[in-house]
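Each of the two complexes below includes chain A, the first together with chain B, the second together with chain C.
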Partner chain A sequence: MPNKTFFWFFLPTGLAMILFIGLPIISTGIQSFYAQHDQVVKEVKKCDPFGCTVSIVVDNEETSKIREAKPLGKFNGFGTYTDRNHLAVEEIKKFWDETESFGAFVDQVTNLPFYKALIFTLTYCLFVTPNVLLLGFIIALSLNAVARKIRGPLIFGTILPMIVTPLVGSLVLFWMIDSQGIIGANIQNLMNDPYLSLKSSKTLTWITIIIYGIWHHSPFAFVVFYAALQTVPQEPIEAAIIDGASRFQRIKHIVLPHIYPVVTFVALISLMDNFRVFEPIIGFSAEGSAQSLSWLIYDNLVNEEVILFGSAAATSMMTIIGIAILLAPVLIRTWKEFKTAR
Partner chain B sequence: MDYGLDTKSTRLKTFNTIFIITWLLIACFPFIWTFWGSFKVRADFFSRSDWWYAISAFNTLIETGGKFTTNAYTQAWTEGEFWKASKNTIIVTVFVVSISLFLGTLGAYALSRSTEKYAFWILMAALIFRAMPHITLVSGYLFPFFELQIWGILPTTIVVLVAINQPFTLWLLYSFFKTVPKELDESALIDGCSYFQAFRHIIMPVMWPGVITAGLFSLMLAYNDFTVTALLLNQENHTMVPKIQSYLGTNQHEGNLMWAVSAVVSATAPLFMLVMFFQRQVISGLTAGAVKG
Partner chain C sequence: MRKILVTLLFLLFGTSAFADCNIKSGSINILANDFPALRTFVETSKQCKGSADFKVTHSSEHNKIAVPALTANPSEFSARIAANSSIVPLMNQDLIRPLDDLVKKYGKGIQDSQLITIDGKVMAVAFMANTQHLYYREDVLKDMGIAVPKTYEEVVAASEKIRASGKMQYPYAAAYKAGWNLAEEFVNMFIGHGGEFFKSGSAEPNINNAKGVATLNMLKKLSELSNPDYLTHDSEAIKVEWESGNVALMTLWASRSGTLLDDEGDPNITKATKLTGPATVGGGNIPAATLWWDGFTLAKNRTDADAEATFRALAHAASNKKMVADAADQAVWLVEGFVPGPKSIGVIEAVKMGAKPYPMLPQMGLMHGALGSEIVEFLQGKESAEQALKDVEAAYISKAKEQGFL
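Now for the complex of A and B:
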């Protein structure tokens, strides 16, 4: 296709992506270097028969004037990145000097908001992704052994958790697991502990969200694996059966190598999706004990007094860098393949 | 696997059946339970004394005189203004689907027929864009949108959702157009058609299977979106998902929890029916990128 024709065909979608994906990333980058204005304060002298007192109040008029003149805020350089709510450089230095053991230091650091969120996000990715691959593969194998006639409805039932939005999915589970729900109440009875509930412990909350993640993402892995299983050639499997290979050996030596590229694809997609975990935290109302990077940004953006654009932008930039690190191996590999293909 | 040589022992078959039934229970029961519970009163579905009330409908009988009640639905749809939210969702979904298909088919067709190096780089860029968490993009939008005073209205959200949706649509339709033989449109070009004419007369009639799949995914994205709609729309224009969140209230004991339950059912039912109808397309779409390479 000639370049000129290509240009006109591609212009609308290209424009949409540049304007609403490319530019916002740049806008986020710029915003991250600014911080909201401080409030202007003034001294007010108040005199009454008993004498004069000087009090300091916020000058709302002046504050809003400054905000209007420079809506972006004041220039802050890398200040937002290094403050307590983000990388917390100074705090970490202080902890390093003050704490005696390494364990205490780690404890202190993981209590800082950004690191807390980073650790939750990574833990979530680390536990959800491999389990999604495994469960998805087992379901695919198992459904593949069922008679063809009843597979349709079974597949429909299997993909339900995936097609609902994460907020709805987590709510539906939360209403069951909560102390007043069917599962929660029964577990309380079983354990004989009326105070046992999702919110009572951080570990329980984390486990619940991770289980939710596996429940929500496994159907996707299942669908892809199931389709890939249909393309596995029959002859080698029949040969293996004649040679006396066990079921497990057949899967390990024939099926898995055949669908290997698909496994990397699923792993990549589910890693990307898990890294942005956010809605389940709202659905399970787990803000107290589990915060992810995306949730931190959301929290800044719905801040009631002043929207913390700078703070949200700084977290966003660091999230984007995180995504870049995750994607780098794949991109490098694709590029190498592309170069050798030429 | 269903091969003639492959004989399965009875034990394996039983095990397999048990596994599938367990999994289906885990996958579907939460939805069935929520559907059931949406016809009860709050004291039953969120019973503090006895979870069995949700089945025996103890409080529902006392409060409404019947075992099932549709109060939650009628209240959420009228008082809770869920009708407005569903109207907004329909507007957003229809526009997002049609615009993103229009842009996506043109772009993906061009990508699939280009042999230049930049086509590869565009696809890679789209992959990177696909990986961006939506909330990071939203944090980029908010400030400029406030300044331009286009925050809170439906058209802005529609355009944003179209753009966010483009990378995936492009990839999906790209791999679809790759399966349409080049010779088809090339012969039209030789006969003197321009590329646009070839697209209009040769490609358009055969592209519908791919377009339906891509359309379904755009629909699911627009219908299910929470991040963008919750932050870019004002209260008045909220779509269904942010509306459900607003029913939850700030903590468990405020808000109208039963409204949220009935709203969840109302929002999920159309989606389930759609997927039931188009199951084949959804599955082929999910596997398009993966299986073909």
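Now for the complex of A and C:
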């Protein structure tokens, strides 16, 4: 496609992307550099059905004057980024100076909310993405081998996890692993430990969420791989069979190289999706044991009675940067291939 | 305190008020939490809507909706049913209007004790009181020869005894779901220990001390006697636990007693379910519980006509003797004419024992939020009480700085 045609073809999408994705990201970025103005409080008498007390309230007249003068808030620079609830620069320096062993230092750092969330998010990505690729590929291969008659219903059954809304899917599993649910009770019996709970143990909660993630995302990989498998040419495979290649060798030397670009694509999309893991944490009520970066943003925006826009914006920006870093190797390679192709 | 006792115990049977209050115009749109008493309240106000447009949203996610919805101009809702804690963000952002004129003009049946005044201005009209108190299974305690616990130490001892007997594995329950619920339990227990959340006259946190440690240790003891999934259990979940007969002692909201004692579920359990006041802790004499009121506030960013129509409809319910007589089981109404029944015991006891109201401070929401996520690891046995409290303070300080409180 000539560049000019491509430009006109892409223009509407590009405009929509700038309007609905680009500008909001810029606005979020600006927001992340601002904090609320210093609160002007005053002492007043408060009376309710339980009696009167003298206590403080926000002085709205004074506050609205300051707000009108500077609607964005108080410029904070990277203050929000470096505070304890985000990158915690000072705290980490302090831990480094105070702790004696590296283990203790790591313990202290992983106790900070941002790093706690980052570690869960990365663990989730690292376990879910490869397993999704592997499982999706195995399912696609097996389905490709079964008789055409039963393939339709089988495919439908396989993509069910993707059709089920994430929240509903996780809730179903949540009830099953309850200590009185079918899975939870059986595990207790099996382990002979009445206090064992999948929901109260951090490790078990992580494992549950990761297994759920694999279950939920595999169908996507499967669908793409299955489509790609239909394009594998039959001649080289037949030739390989005549040459006496085993099934494994055929897959390794013919099928995989052929669908390789698709594998990269699925890996990319999965990584992006998994880095934003959020629904299962809500569905499993796992806030206590597992927090992801997306959950931190949600928490700042809705869980407090006071909304922390600056915090949420800063975490959002860091999530975007995180995804960019994760995808960088793949993107750089695609760019290089693009250049050599020209 | 006498004022509320008078309110609660005041016996006065009146004739039912007029249903139609002759509202000619305006539009009414109410945001409220979702539990039976509030539904009754809103339904009662609807009887009076006249020719005004009437809409209501009942949602347990009301806290998340309120500030954004009322910030818009004109705001989505003309009224918000709030409580001690949820009125604070509305005040902080200057989103609700003073009601003095409307009270004077249309608030005839509303008692003075129902008015929430801040700096001399009426900002809300309360209509019910709430608290968290103890529920117990009379049959189980009797069988084991255990007296009704008055302190949390006795709750622990009783629960341990029940567990040792093999009758129940997890005899205690409270809403310990990580987040708002867990933080609320901390707030109760900390106040029971005589703690103050902030250094006097400032927004500096003041929880990392002996009282905080004692609070955490008590929460941990109780959590060990609860279902191991306690970190995922909210009020609804422990209600289900109770109704399945798995629990003998429980701390739960007074406003939930109606659904516990209704005809649904095992009649034997319902019959044996008894209510008592909140427990004290650590030898203190005020209960480890907070008093709450629920009341209505009016949005600032709505026309005066809408505010007037909304006030008249809601005031009709907030002074409705028939409603409090018919729905005496659903709540402890602060409305004139309410006769406290057996389900009101918890709140009345709490008031008698001198329970403190939930702190209505502008920065309290941030403290509550920090507590909800930072004390989890202590309960899981992953860190010490001191470390957990240090984390809460640190998390709170960062948020308070961003919010301009420190």
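In the analysis below, the second predicted complex is superposed on the first by the 274 of 342 C-alpha atoms of A that agree within 3 Å, B and C clash if a C-alpha of one lies under 4 Å from a C-alpha of the other, contacts with A are read in each partner's own complex, and residues count from 1 in each chain.
The definition used in the following text is that a residue touches a chain if its C-beta (ideal position, glycine included) is under 8 Å from a C-beta of that chain, and two chains touch if they have at least 3 such contacts.
Owing to the predicted nature of the structure, the values given are computational and were not obtained by experimental measurement.
S.K.: Could you say whether A:Phe50 touches chain B, chain C, both of them, or neither, answering first, second, both or neither?
M.R.: Touch status of A:Phe50: second partner only.
S.K.: Classify the contacts of A:Asn111 with the two partner chains as first (chain B alone), second (chain C alone), both, or neither.
M.R.: second
S.K.: Considering only touches as defined above, state whether A:Pro194 meets chain B (first), chain C (second), both or neither.
M.R.: Only chain C is touched by A:Pro194; chain B is not.
S.K.: In the overlay, work out which of chain B or chain C sits against more residues of chain A.
M.R.: Looking at chain B versus chain C, the one contacting more residues of chain A is B.
S.K.: Would you sort A:Lys94 into first (chain B), second (chain C), both or neither based on which partner it touches?
M.R.: neither
S.K.: Who does A:Lys65 touch here: chain B (first), chain C (second), both, or neither?
M.R.: Once the two structures are laid over each other on A, A:Lys65 reaches no partner at all.
S.K.: Of the partners chain B and chain C, which touch A:His253 in the superposed model: first, second, both, neither?
M.R.: neither
S.K.: Scan A:Asp178 for contacts with chain B and chain C and give back first, second, both or neither.
M.R.: both
S.K.: After lining up the shared chain so the two structures overlap, which partner does A:Ser285 touch, if you call chain B first and chain C second: first, second, both or neither?
M.R.: Touch partners of A:Ser285: chain B and chain C.
S.K.: One more residue to check, A:Val302. First (chain B), second (chain C), both or neither?
M.R.: both
S.K.: Taking the two structures together, which residues of chain A meet both chain B and chain C?
M.R.: After superposing on chain A, chain A residues 178, 285, 302, 307 contact both chain B and chain C.
S.K.: Once bound in the complex, which stretches of chain A touch chain B?
M.R.: Residues in contact with chain B: 1, 3, 5-6, 9-10, 12-14, 16-17, 19-28, 31, 71-72, 138-139, 142-146, 148, 152, 154-161, 163-168, 171-173, 175-176, 178, 180-182, 185-186, 215, 219-220, 223-224, 226-229, 231-232, 234, 237-238, 241-242, 247, 261-262, 265-266, 272, 275-276, 278-279, 282, 285, 293-294, 297-298, 300-302, 307, 309, 312-313, 315-317, 319-320, 323, 326-327, 331, 334-335, 338.
S.K.: Taking the touch rule as given, give the residues of chain C at its contact with chain A in the complex, in rising order.
M.R.: So the residues of chain C touching chain A come out as 1, 3-4, 7, 63-64, 67-68, 84-86, 88-89, 91-92, 94, 113-120, 126, 129, 169, 177-180, 182, 227-232, 291, 293, 334, 351, 357, 359-363, 365-366, 368-369, 372-373, 376-377, 380, 382-383, 387, 391, 394-395, 397-399, 401-405.
S.K.: Help me check something: in the complex, which residues belonging to chain A touch chain C?
M.R.: 35-39, 41-42, 44-51, 55-58, 60, 63-64, 74, 76, 79-80, 83-85, 91, 111, 113, 174, 178-179, 194-197, 199-200, 202, 284-289, 291, 299, 302-308, 310-311
S.K.: Tell me, which parts of chain B touch chain A in their complex?
M.R.: Residues of chain B touching chain A: 1-3, 5-6, 8, 12-13, 16, 19-20, 23-24, 26-28, 30-31, 33-34, 37, 45-48, 50-51, 54, 102-104, 106-107, 109-111, 113-116, 119-120, 122, 124-144, 146-147, 159-160, 162-164, 166-167, 170, 195, 199, 220, 223-227, 231, 241, 244-245, 248, 251-252, 260-261, 264, 267-268, 271-272, 275-276, 279, 282-284, 286-287, 289-291, 293.
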